[in-house]
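In what follows, chain A forms one complex with chain B and a second complex with chain C.
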Partner chain A sequence: MKRSLGRVVVAAGMGLVLAGAVAACGTDDKEAGGGGDSATTADCSAYEQYGDLSGKSVTVYTTFVDTEGASYEESFKPFAACTGLTVKYEGSKSLTADVLGRIEAGAVADIVAFPQPGLLQQAVATGKVLPVPAAVAQNVDQYWTASWRNYGSVGGTLYAAPLGASVKSLVWYSPSAFTQYGYEVPQTWDDLLTLTADIAADGQAKPWCAGIADGDATGWVATDWVEDMVLRSAGPQAYDQWVNHEIRFNDPKIVDSLKEMSKILRNDSYVNAGIGDIVSIAATPWTDAGTPILDGQCFLHRQASFYGGNFAAENADVGENGDIWAFYLPSSDPSSKPILGAGDFVAAFADRPEVVAFQTFLSSPEWANEKAKVTDGGWTTANNGLVKSNLKSAVDQLAYGLLADPSAEFRFDGSDLMPAVVGSDAFWKQMTAYFAEVKPEQDVADAIEAAWPKD
Partner chain B sequence: MDELLLHPTTAGGKLLLMIIAIALFALVMALVLILADRPRRRPRWVTAAVFLFPALALVAFGLIYPALVTIRNSFFDQTSDDFVGLKNFGFILRDPEFLTTLRNTVAWVVLVPLLSTVIGLVYAVLVDRAKVEKFAKTLIFLPMAISMVGASIIWKFVYDNRVGALSRAYVTVAGWFGSEDAQAPYWLIDAPWNTFFLMVVMIWIQAGFAMTVLSASIKAIPDDIIEAARLDGVTGIKMFRHVTVPMIRPSLVVVLTTVAMTALKAFDIVRTMQGRLYHASVVANDFYTWSFNNNDKGVGAALAVLLFVIVVPVIAYNVRQLKLTEDIR
Partner chain C sequence: MTAARIAGPAKNNQPAKTKPGDGSREDGIVQNGGPRQRLGRRAARARRVLTSSAASTIAICVGVLWSVPTFGLLVTSFRGSVQDIRTTGWWEALKPSNWGGFSLDHYGTVLSGTGTANLADYFVNSIVMTLPAVVIPIFLALLAAYAFAWIPFRGSNILFVGIFALQVVPIQVAMVPLLTQYVNLGLNSSFWVLWLSHAMFGLPLAIFLLHNFMKEIPRSLVEAARVDGAGHVTTFFRIILPLMVPAIASFAIFQFLWVWNDLLVALAFGGNTPDLAPITARLSDMAGSLGSRWHLLAAGAFVSTIVPMGVFLALQRYFVRGLLAGSVKG
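The block that comes next holds the complex of A and B.
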């Protein structure tokens, strides 16, 4: 008997190791407080329509973690405090890889924020995504443009309301350096090329900085560049055809756009990643690629509005007359104003009253304003119910202004709309080869076209 | 109650959950052990069944079932709904990039075990019975304690083009030879050499494993054999070639094949350091990309099946050698 007792102890020990391992594998699983919070003093009148949801809970799954995730949880608090709902928030960077598996296993959250419309389409194809409730559809019609409604729809049915948004057609520059050397913000693409040539001739530093490395997502920065160039060189109409594969990826219009882009990105005297040759662009993390502007190592960097947070982290003075600011990447014809942007979309997998209520809240101006107030920078939305001054960062206000500009022609990030095999594999891979192997434009386009699914 | 048990929110709740889980595990194990221990007059197969059941159930559920589903999926389309025959395999074999991937995988399977074993063996012989043996062994064994992903991140810094130790060393050495503004090569970008620089990470880890196993079997060589060889005038290299290596041959084979199997699964290093870029991918990494990034389960499963087909001969050889070793003892 003594022997078996010893075995039991060993078994218990093994159990301890196992349980420890399980505990260590926990995800970023937190809760945004439900009731009785500091926010009880808030004005609850805006939330009365949602009724009393105490004792109910809703699970939310997004890609936002760390400070970004915390600001989302913070933005749910007034709603939670007023209605009594418990919001269970989970953020994970691997959402794009595991969400379809979770849906299939029936273990998906009530509400999921999809970072790409392409992924939303795949999720809808499983048949598990519910079309939005009437109240959400009403909000989307009221506060978003028709094109945003379209990005959240599959086959004409609205499945997801837009959440956040970003503007990608921005070029970061240093207003103080521009004043010092007498440079001016260009108004057309040709002006931009002239400015680039001037800066290179002055020889202070390379005109442009670029970097596209991002782990196994390396390349997306370059695809954004291509999309902006197609919008400017081939035009918004050709852009739509290109994204929907109505014209081939190696159509002359697209190859010409790539060649137009090469005027800057493939010229050794115009661009690098702060040091070295063009190949260094492939090796440099996108997060580090723009900050050399602050040290005078380069003058221009094309990157989305959310990059403002990276400059803020360097304690730079972000503002129209400060150390760092952004201008709209101009088009060849100043009368047209195409804007490239992206955003995420909220879909629901349950229709319990509390889920519907929370989903409706997320599509309302109340949430957008609440989110703006608790975010330090790097977030905006295309919800026109947002009060611009609630956005804390000047760049976010600039981006919101561009999104709300009625003369602008908004287009969604094309690689997010293309099939994943192209949009987040071949396109990324070939654009990395564009830098790392200095692969000719035609070969890049041919290789991506070859990867497009045939059916 | 289920809320409290499945989604504990406080540290105390999580601790309680952990204790309950451990208690449950201990209880089940204790039950199995007591049942197996209790009545003496019972056919042997019952005892065997009681002990085998948990392992067999886990293997069936966690290994055999998924393997069968994967094989099935490899003949189905991307959502596993429609039968497509050999289309997925045809797609893979027609992809020119896949040949590069296959070449890389073969390079991994051949070079990593060879180099790890050679380095481990030479090191084991060199430090055998030396004064600092224990310390020297600890040094080379330490990387074994680092996870593949951790090691990959460390080496990524070593290879970094600006601040990496290797790049700085290159620039410094180039400076000695009069090259003033030399630029370090892009270690992880220039194909096909980048695959070799990725392999270094695994060799760095596996050499310690090879050294440990081989050192133990070198020590197990009976002293009288060594002595007899000495009396016959065998020393140095000859001793190594004609006595040491033949005596530890079974261990050598086991080390080689074990490392080869690890190399076949070299997914974590490639994914952490490289993704599918720069022609450095391996089959396991492609399998992940197709299954979870491109969401094409058919092609993903077909890649997994191909990988399985490549692994089978290595495992068969390994098992045979293990059996041979056991027969000798």
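The block that comes next holds the complex of A and C.
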């Protein structure tokens, strides 16, 4: 018996030694990689209005983790340094799954950034979300358009100020390959179809690559495609009716939009470049789907502005004259410019003075510019107080330009606005079937309509 | 060689096993003799079947098939170029011409951390979370198992069935009510919520497992202790506990692996902050908010596996014995 106990002790000891070794490595690196505090020396005049908040603390909960989360924490530093406030940041990819439970249990953070207006509505329904303070409402009116204010409101009351934003109506391409083969960026939807046919005829590679797989969220990429098509083929007005279920999901306008999309995504000579056939779209991870452009196996890939980060991770030269760049997914009529996008909305669950102050700061141009300066790429906002040149990545500047364009009509990602059983269930699954089983457009629309909750 | 290894421990166990039998021979030589012989024949037959060359071949094939994905992941974790990982299979890296592609870059990134995160913090969190979460349920379950096994009281059977029935309650159902209680008690955002949650979720199985094992200890042994004047406390510490070591070790491995690999409970109760989140939370974040750094996952997985692997290898002997102990005895 003694011998065996000895073994246990040895095992425990081994574990501790290992832990110690790893701890030692980690500490060294932390010291080497530090030095991010230099930003705090900025002048404090912009923050004087918030007063002295030393000794107070605010908790913030978002979906951003790792380097994305770190840039948020970094952007809070000047405010924290000038006011003395302690900001406790928490980022978790499971926010959408657990935030309602936390609200119910009373364990929710002071400030939560909701990634979907639909989730914000559910949170407001619990009665725990506080309407925004007057200073925040004033900022929202001053720096955002009415449609953004609308997406942060429930029943006419503004509950959440917009935070970040992304633009989804983008097509990624390689400027160097376009120059090489003499292709030009299309200005209308018909131009895009012609370009697609030309690329296919030239036979270098199939023109489009796509992929919609994303674990248990498989299908969302395709819903973005559909939304962009509805905006272009049926128009922004029909889009609003469709999202609010004022017209049915299997309305002829929507089915026609799906058929328009099939012209590209269900044509075997147009997809799926560098990967496989139409069916392969359903199984290709969305993170991998655009990268064949870098290998010259694919020419066009429709994906949001944040996809720039994936190209950056491959060490690609992202820029107007580089290996990879994006153009606006054109509409059939060049005079209208619908833009599909998404964003987050910050709501507060407490009204302590420091929470109000921090919430006001997040809706101010000071924060937007601070955030832009510390983010390497993959972030933008619709706050028109942002100075474009502060955004470090060219793609983010392009996206911000589109968001700030007064002639553009912004629409929020429809699947985030629809009821969850449709927007993050039936819609996803049916679009997966649209590729995996090559299900007819009418059947797809009928099946999603059938899933819409009856009220 | 496989055959020798399987047969080895069984042979060694023989003398050890007859010892408690010797003590009980006075009261029941007839009852013990029959089943034991039958058991011996069965064991011999099982040994013959399991050590045949066909069985060994099948076992080796299954073992290889089972390890291939893990091996592939290990190879991938050492591949330096993201492009290569994306475009070619891991076996391509094994070709001698491609050996230059191996590097420790991903391990370097994983260990040094991306963003503000420091892997060491999460590693320490995992250890701080896991050790009490293993010790607490074992301690409580031993006491409960002793009471169920050796202290007769009214309704003990119903209570025991009730405890085991708790096994079927899914964790997800308990989450919001439990979190509400933690908030009310003021325990929120401390390691207590993780220790208590893991202890609660582990207890039903622990009590069931340890109780069944404890029941196997010959009644005469406990009665002899009682005749010699030992109370419950002495019996528990001097007689039962030493005999329970294999069972405790095997449950400890179960619970350790479950807690170490847990992500759900840690995120739901503790939240994803550097103060509380375990290494699994860090691992799931490592790929970035949108999964653009997925190539780090293979290296991250192996870093987080080191500790459970060490624990398993060190306690493996008890694990097998503990599992068998519950099942083979007639």
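The rule is short, and it goes like this: the second predicted complex is superposed on the first by the 414 of 455 C-alpha atoms of A that agree within 3 Å, B and C clash if a C-alpha of one lies under 4 Å from a C-alpha of the other, contacts with A are read in each partner's own complex, and residues count from 1 in each chain.
Methods note: contacts are C-beta pairs under 8 Å (C-beta built on N, C-alpha and C of every residue); 3 or more make two chains touch, one makes a residue touch a chain.
What you see is a predicted model; the values in this text were computed from it and never measured.
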| item | value |
| --- | --- |
| Which superposed partner A:Lys88 touches (first chain B, second chain C, both, neither) | both |
| First, second, both or neither for A:Asn310, with chain B first and chain C second | second |
| If touched residues of chain A are counted for chain B and for chain C, the larger one | C |
| Which superposed partner A:Asp98 touches (first chain B, second chain C, both, neither) | both |
| Chain B versus chain C as contact partner of A:Thr287, first or second or both or neither | second |
| Chain B versus chain C as contact partner of A:Ile275, first or second or both or neither | first |
| First (chain B), second (chain C), both or neither touched by A:Ala107 | second |
| Contacts of A:Ser389 with chain B and chain C, given as first, second, both or neither | neither |
| Contacts of A:Glu73 with chain B and chain C, given as first, second, both or neither | second |
| Intersection of chain A interface sets (partners chain B, chain C) | 4, 7-8, 11, 14-15, 18-19, 22-23, 29, 88, 98, 101 |
| Complex contact set, residues of chain B against chain A | 7, 9, 14, 18, 21-26, 29-30, 33-34, 37, 79, 161-162, 183, 186, 188-189, 271-272, 274-278, 289, 292-296 |
| Complex interface listing, chain C residues touching chain A | 82-83, 86-87, 111-121, 123-124, 127, 175-177, 179-180, 182-183, 188, 242, 245, 249, 267-268, 271-273, 281, 284-294, 303, 306-307, 310-311, 314-315, 317-318 |
| Chain A - residues contacting chain B, complex | 4, 7-8, 11-12, 14-16, 18-20, 22-23, 29, 31, 88, 96-98, 100-101, 122, 125, 215-219, 275-277, 279-280, 282-283, 420-421, 424-425, 429, 432-433, 436 |
| Sites on chain A touched by chain C in the complex | 1, 4-5, 7-8, 10-11, 14-15, 18-19, 22-27, 29-30, 32-33, 36, 63-70, 73, 88-94, 98, 101-102, 104-107, 214, 285, 287-288, 291, 295, 306-307, 309-310, 312-314, 378 |
